[in-house]
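After the structure tokens below, expect a handful of questions from me.
Labels run A, B and C following the written order; every chain starts at residue 1.
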Amino acid sequence: MAVIEIKNVAKRFGDYQALHDINMTIEDQEFMCLLGASGCGKSTLLRIIAGLETATSGEVWIGGRRIDNLSPKDRGISMVFQNYAVFPHLTVFENIGFGLRMQKLPNDEVKRRVERTAELMHIEQLLKRYSGELSGGQRQRVAVARALAMEPDVILMDEPLSNLDALLRMEMRAELKGVLAESKTTAIYVTHDQVEAMSMADRISVMHEGRIAQNATPVEVYRNPAEKFVAGFIGNPPMNFLDAKSAGSGNWTVAGQSFAGPAIDKAAIEFAIRPEDMAPAETGIAATARVVEPLGAHLLVTCDVGGTLFRAVLDSDLVVHPGDILTLAPQADRIRWFDPETTQALS
Amino acid sequence: MNPRILPYVLILPVTLFLCLFFLYPFVLVSQQAFSTGSGFTLDNFKDVMSHWKFPISLKNTLYLAAAVVPFQLALALLMATMVSKMKKGRDLVLYVWTIPLGISDLAAGIIWLAIFEQSGFLNSMMSGLGFIDRPMNLLSYQTPALVFLAIALAEIWRATAIMLVILVAGIGLIPKEYYEAAEVFGASPWKRFTRITLPLLRPSLSTALVLRVILAFEVFAVVQALGGTLFPVLMGETYKYQFELLDGGSAAAIALIILLISIAFTLLILRALRVPKGATI
Amino acid sequence: MSTAATDMPGNTRKAGRYVYIAAVVLLCAWVIVPLYFLLINTLSSPEAVNSFPKSFIPEFDLGSLSFFANFAGMLTALKNSIIVAGLTMIMSIAIGAPAGYALSRFDFPGKELFRMLILLTRAFPLPLLALPLAVMFIRTGLDDTAFGLALVHTTLAVPFAVLITFSLFSGIPIELEEAAWTLGCTRLTAFTKVVLPLILPGITASAIFAFVISWNEVFAAAVLTIENRTLTAFLLQNLDTSPLHLKFAGGFILVVPALIFIFAVRKYLFAMWGIANR
């Protein structure tokens, strides 16, 4: 059992507050992604859990044991680094066995575990090589095997795929997901790539400016963003926003059209819709097409609605030219509303 | 160990060492220079500076530096540029050019003595070519210009390598894209050198110059080997006061004067070659 | 030059190429020929060294060298030089490398001040400090000892050792150490098992550099030793009185280790100075 509990963790670097009062629980065997842009604090949080960084305040518990004052080696974790950190002076075998040797396991046990994890990662034919003789993808596999061979309670991964090319990244993504599910370890995975997060994670924590903006399942994060930042960050292209004026009794006027929305006492809120949740119709939002990008499966049209940027992902059979005026009807159950002052979602 | 304390523990030995053998002796040398046994005095400085040899050795030291350092800078820049475009044999050429780096000033003086002494190779060559009938005494009080030339050549021969190494390393840090960009915008090789290499090389240039200028003011063994007493320099005077005249106060006073000149030039160089904040590579 | 030369007529380009090659060869000769002259003198009999005109080919006579070896005090001086340089090498790495590690791995208040102290030493004519140290050493009984001189030479060499090891450590990604920590290493075992094996060649190079600094140093050696002269101090002291062939043989013995050492560290020379610039 290795539940990770993060309690009121904060981190300052001089005058800069990198993390504000983070609270989070990661369940046993859960795959948690910390997702955010660079500088949002996700790596700092991971490094605090690993013990490579000390929190300014707060506690970290793993499996019911407080570990924030232990050194990294005593925390029952292992880690995969962004640049792999495969030791250049050791063979692949000795790299994978490094942690086991540090635990002073007997030779045959080291051999057995190295060979098993190497097989798991499909690098059994590379065991005698040195890091300099490996490709980026192979180094990545060695780094993962090295972490898995420790049979840790928790495996921490810091952007492990970001240095691989696109095709290899997709391949490794699927493989890593399978291997981790099988190993039954709790995993925390830091990434700035939303596709990676969406496709691999059981749960995503979207981080923004040292805070957790939303902590939910991938689908929930996508469908019901808790705040405007998440809505604008997740999805490619991201959600569209338009100003909404109150028309009384829960009705709102958006670009001249009336929509049913939250019944709250405010003069203006924000209307949001995903680009793919719209279709051309008789009535709807009038949008002037500016740029038309055929993407094969879809047509991405960047439009202008009363001076606001507005994107629509449409059927690729449609013929649209720049300057055309489209009438786009949003799918009613996909419309979301945000409070412009607090930036929180309204319902 | 606590990572807050660890760095201090690690730098402690060096810091203590430098305090004991660098800062403390510096205080001592100042004390010694400003006292003759009874309280603060400038007598040592007055004595030293009024000695008839002082202006000569000061002049000699400065002239030597003025003759040698600019020439070395130009030579080192030339060599560094030549080597930066070299493809084949770069390592070998660099090794040969940096050999003098490992050679002491004393050995360099002796090497050039082999050329300039009366039965040396320069005389042998000239007689072989029929320019002279019998060997000339090239390093005598009658030929001060030749003595100066011999010392300057030995200094240039010996100490250009240190500048070369610093400049080659510095040029290596300048991304190639800048040159390609400049070339695309129509800059000639000479313009690329003056508009890209030189400005971006300022940190290396200042390191090289500071190091070299300080060493130039400390010139000693080369002069001893080639000129002996014919060409008095400041450092040689210091040595003489300490050993032949057994006058520690005066030796310290000259030492401080050398120090002062060194610091003045260091500041001047650092100031002249300062890189504005944010304009670094 | 080759890229710019493409738009010039072929002849000019070819001529430029010859000038370039000639200049490289000339500059190599400028370095090597004086060394060759020293070699001729060293491998000639004392009579040949003092005769005129000189032959430009060595006669391979070991007379000068054996005269050098038998000259009273010379071998002791050679031994002293080796001892002092060895001590300097050990001390400057032993105290310099930890500081280099601290500079490359930690941000701590006072770091800039410390860097200033290190850089300051380069702006000072350090051998001058030998004067007051001579007095200090007499008081502490360190005068005229190899250890005392090695202390002064370490002052000369240690700033280089700090800056060079700083650049070497900075070349080892901190991730490697962090990976070792997460795999069960303490700071110390991570250092010995991961950093040290990677850094050893570089450390050797900077140790050799420290050796050469001490080996070549003249002024402090001459000031601080009387009975236990190092080779440089011995040669300097006897410059006026010793015969030419002794000077040349001595000079040769001074040069040889330097040649070997520079060859041994050539790979690191530029990497070391690249960062030391900063």
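Simple rule for what comes next: a contact is a pair of C-beta atoms (placed from the backbone, for glycine too) under 8 Å apart; a residue touches a chain by one contact, two chains touch by 3 or more.
No experiment lies behind these values; they were computed from the predicted model shown.
Shared contact partners of subunit B and subunit C: not a single chain qualifies. Centrality annotation: C (chain centre taken as mean Cα position, compared with the mean over all protein Cα atoms). Note on chain placement: the centre of subunit B and the centre of subunit C lie 15 Å apart, centres being C-alpha means.
The distance from the centre of subunit A to the centre of subunit B, with each centre set as the mean of the Cα atoms, comes to 58 Å.
Subunit A and subunit C have CA centres that are 53 Å apart. Residues of subunit B in contact with two or more other chains: 3. Of all residues in subunit B, those touching subunit C in their complex are 1, 3-4, 6-11, 13-15, 17-18, 21-22, 24-26, 28-29, 32, 79, 82, 85-86, 91, 93-107, 110-115, 117-121, 123-124, 127-128, 135, 157, 165-166, 168-170, 172-173, 183, 188-189, 203-204, 207, 210-211, 214, 217-218, 220-221, 224-225, 228, 235, 238-239, 242-243, 248, 251-252, 255, 258-259, 262-263, 266. Taken in their complex, subunit A has these residues touching subunit C: 50-52, 71-73, 77-79, 81-83, 85, 87-89, 98-99, 102-103, 143, 146-147, 150, 156. Remark: subunit C residues 1-4, 20, 23-24, 27-28, 30-32, 34-35, 37-38, 40-41, 49-54, 56, 94-96, 98-99, 101-103, 105-106, 108, 110-111, 114, 117-118, 121-129, 131-136, 151-152, 154-155, 158, 162, 187, 212, 215-219, 222-223, 232, 235-236, 239-240, 244, 247-248, 250-251, 254-255, 257-259, 261-263, 266, 269-274, 276-278 touch subunit B in the complex.
Taken in their complex, subunit C has these residues touching subunit A: 173, 175-176, 178-186, 189, 193-194, 197-198.
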